[in-house]
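Look for chain A in each of the two complexes below; its partner is chain B in the first and chain C in the second.
And then the complex of A and B:
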């Protein structure tokens, strides 16, 4: 009798599927493993509060841009204009502040820069929704136009003098408990977008459209209205990232600001889609992806590993993350 | 007409043609010729200053100028320059795009008999002339200043992008000096390009987190030297290392003037180089020959003691290149 009950208890206990577990938590485990490895390798440097804040600061621009990109990808829209948009955001803000120092304050310059980014994002969305052009192509074209426009307006000249300290404080200051402002901005943006995607009807509609646009349309969702919104959010985040970069470095660069972030932002979002909820783009996953990239770069740099290894390790990790997500998808079929 | 008369007439005709041709060639620079000024990366502040000065100098001569920015794409740059050649431009000025990667374009320019003048692009066969600075020597100047200022011992960080030939030459200068100082511990890092400015900021920040005793940082060029100085400024290390770099752009002057961690730059006469490139084009289209295909211009050592006032530039004819010639040296 007792043995019988024990046997039933064993049978009732849920079995852990190792493949599913790894697919879901593999990326997170990789992140933890990397933290441990780097901490062991450089115990005096890597696990210090200074360095962890340093990592967070270094990923703040990438994180802000990747969060915006997540919103687009939830809807199945690839936004390739984020690199140009980042350049635009930083350049417009510094340009306005230097050209009109007496009439335009920092908040106004920031608002105009982000407003322009939002307007371009909306335009991207209208092209996608109402002209039927794929987001991939539309944003590629818009990115090219923005790049050309900024180079033309700036005459390829970097703004390096006359940027007010109040603007640079966005990137170099720390208004709460010594935590650098870029970290706070990234976390703030992440929180807002997480709430929007996970806890509002708007977010659920975005997921629904990303899952099956036709079914969403048939169920009464005005699908066409959402692309302008998603692409505007993405554009604003990219512009904000570029603006933060300009504030950190004290320079309004007319070229190349976002180029270094474009592929990493996509990598972070895709790594994120392989963790916790495999196959789904989500803010928490993106945060894990961004952290993973930041920890790899910082850890290898702290250990003095040559730069080329950073490229190789990051690429390998992306393959591993996508492979683990792919395994789960295959098993579900 | 007998044979002698024919020969005399032919000789006279040839002489007249030659003289007319020579006169025309001598005057060609005074005609409104078309010049293309291009760079693979015109947005880089130093390169941009050269393009600006070359454009202004060419326009002042009444020439038609068309500029092109490859936006980091060497293949696109080469394609565009080939288009300039096909469109019948009279001369080409390459501003800091590696001539080693423009062999086909240079060959096409030679075929079309168009002068190919460059600045900071390296000497390769087929070019008319390259105007630059002796990058190896400049790397030596910057590294020597570090060695002198840290008394020949301590930890030094060096960041560069050695893919570009000019920067690899500066690197060689750095190594030539440091190989003599056994008590200087050098850590070298290669920058990621594109994204070099942000990468510099991150790498310097990371390194300083784990190496509190770094005394100096050698940067391959001012664009990243400025980013390194910003990283040092924002770091939490008590004894902030000083930064040295090369180029002499406005941002570097500003930081040096402000007493930032950017202590010195080996500055080039970038505006003078643009002017010199235009003068070389004028000489080339007028038929003058160049005894040397590589011309070096003298740099200056810009420190807080020698940095020009805001909006001004060093006088490269009289400026100091050695610390003993500095205004506050004994």
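And then the complex of A and C:
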């Protein structure tokens, strides 16, 4: 039965369908539309180079975390520990720098913070692969453990004094052409992960496992080794996001750093999965999702719309994006 | 009058009368037309009171359609159904149940996570106090009564998931019998049962039959039919193909009636052109349902592995491919002993598996034809040894050349695999392993859900693979495919190779006979 249906569809394929077109390019079109609307509404403030760089700067932490999240969602793994991981990354780096100002340099502190995040990510993956616990639950649990551990170590005190300028430069400086460092970090992470997912065997295996784990296993892919890798990448990106946040603020907060990013990161990745290649998580799509969120938030505040509208609009946007992706997925069946 | 009930076709027309005792159910000249086919074309069957009547036939012979008419799930186009001598119409399963006709489906229709009692009252609802609260005391009392009628001594509060399969079967029968079933239709009730459990089930059936309950028993397992059935009716292509009573049942005749006269011009039924080197040798290898198996596979050879469901035939392929661990014996590939811990090891040794369920086990559903073909072969496209950047151009060119060789019909290798027909999807799967250069192809039902034209192409492809020097191990749920595809057939029974049929001897009838417990 399916065979016959499939055969007929081969012939029907070249026709371009409006629904398919909208599902594929709807997100991109709404991004362009929003840019135009905000530019017309506030021509003096919104469409300036400064403001556009400002938007990029505002989304850089979210973008970095969302790129990492894309990697594990490609495999079908939900990582809910990214909020706690962000808090952890920022706190560990500032804690080390303040506690051991003479022995630990900024690069070493960053390396240790990201290393700890990677180790926890690997642990998440081992729990998923070898204990057979779903990533959703496993990362919810490890997230709680991390939150508790950081609170305990910090005695709930924020680190403010003694953070070296070299560290704060990560968030506040601009090494190349006056472009803020967080933007460069986000773009760098995005580029590396895009190359990895799209152009290496590793990335192709991640997509294959997300598509059909048993088919991948029968094709000789060591399926169980990939969850620790994907969750470690995601954890490092989350830790890096938190570290950037600490550098921007000049403070190591022991709680709540990542909370605002958790939902937005998922929203961005899912919006991204509705654009260009519907139903697939991919870095370029995530970038569009992150930009969309950034533009909405910036545009609405530039226009003086109360902050609570940002939440409402984001929620509506997420539903619209998932609906359009869902329509296309249903039609493909 | 009597002659019209009996078989008019087939070797048993001598024993023409279609029933053993007084008739409970009579079906006369039943016709069921679906658009394009006559699924039933004048079927007669007569089931006596207290009779265990087996209904046999290949897939598509019309067994399920006949049962659906008898139990009121569907209405016949022509013909009469009589219950206790009176013509009846059965507009719904409810109407059939009211006349005492009940059906137990293959998987028993029980919900495992709730209790026996709750299952027994699933259809009619649990007894209530004042129409609101469940009257558990009454429910358990009635459940015990139902269970004791089928001779089952279990606690109605037990979870169905905790029961043995034969107990679950009896619970399903108790549920089907409900108030007062006179005819119980069993659709492959033993498929999930172990041999010992089948014996227990048969004991219960005989006792219920002695009390006057009739059974219409559908099965593929001939050995069981000979053990339990009072009468046998065989259907073929929607018609009666024979009828036997216990006294004159003959295995060969029954098998011939099931199989019919078939001729395949393209059947291989002869030795391969060349005898190649031994690619694989299994020495008493066992694991899972496979107790042990010893055989050799040579290059250029297509070896069939046949057997009834649960016999170990299908599991043999999974075992060889390392999908589950071997518990005994030895596997030798190209002269060297191996121990596969995973499919990864098997693939590395040159094995390939095309599993039975294409969608669940083979395809990347959202991916392109190219990505599906290159799935196990990405390494060969790596531009560097560290990052393994994929050379997309080379990948596309090789995928294209494989797809062209197999004449996969598609818009292009970048088309979604989901846009291809089943047959072309299967060709892409085979192409995946051709590209990998596998030396041993293991194919489980490669033509399942594939249309007839594509089937022939896939048979040709299998022959080509063997011709080009690989060895092929083939299994299928359709017995008629073995003579068409294989040079020789290993027939499994109870986890062991019961016998081997070579060349002209590997007929459908011989395979069925051996699988069902006959001599070679």
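We take it that the second predicted complex is superposed on the first by the 318 of 333 C-alpha atoms of A that agree within 3 Å, B and C clash if a C-alpha of one lies under 4 Å from a C-alpha of the other, contacts with A are read in each partner's own complex, and residues count from 1 in each chain.
In the analysis below, a residue touches a chain if its C-beta (ideal position, glycine included) is under 8 Å from a C-beta of that chain, and two chains touch if they have at least 3 such contacts.
Predicted model only: the values in this text are computed from it and were never measured.
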item	value
Contacts of A:215 with chain B and chain C, given as first, second, both or neither	second
First (chain B), second (chain C), both or neither touched by A:280	second
Touching partner for A:58 - first (chain B), second (chain C), both, neither	first
Which superposed partner A:259 touches (first chain B, second chain C, both, neither)	first
First (chain B), second (chain C), both or neither touched by A:165	neither
Touched partner set for A:17, first chain B, second chain C, both or neither	neither
Complex contact set, residues of chain A against chain C	1-4, 6-7, 9-10, 13-14, 195, 199-202, 204-205, 207-208, 211-212, 214-222, 279-280, 332-333
Touching residues (chain side chain B, partner chain A) in the complex	41-45, 48, 51, 69, 71-72, 187, 189-192, 194-195, 197-199, 201-203, 205-207, 209-210, 226-227, 230, 234, 236, 249-251, 254, 310
Sites on chain A touched by chain B in the complex	42, 44-46, 48, 50-51, 54, 57-58, 61, 147, 151, 154, 156-158, 160-161, 172, 245, 248-251, 253-256, 259-261, 297-298, 301-302, 304, 306-308, 310-311
Residues of chain C touching chain A in the complex	321, 323, 342-344, 346-348, 353, 355, 360-367, 371, 375-376, 378-379, 381-382, 387-390, 392, 409-411, 415-416, 418-425, 432, 449-451, 454
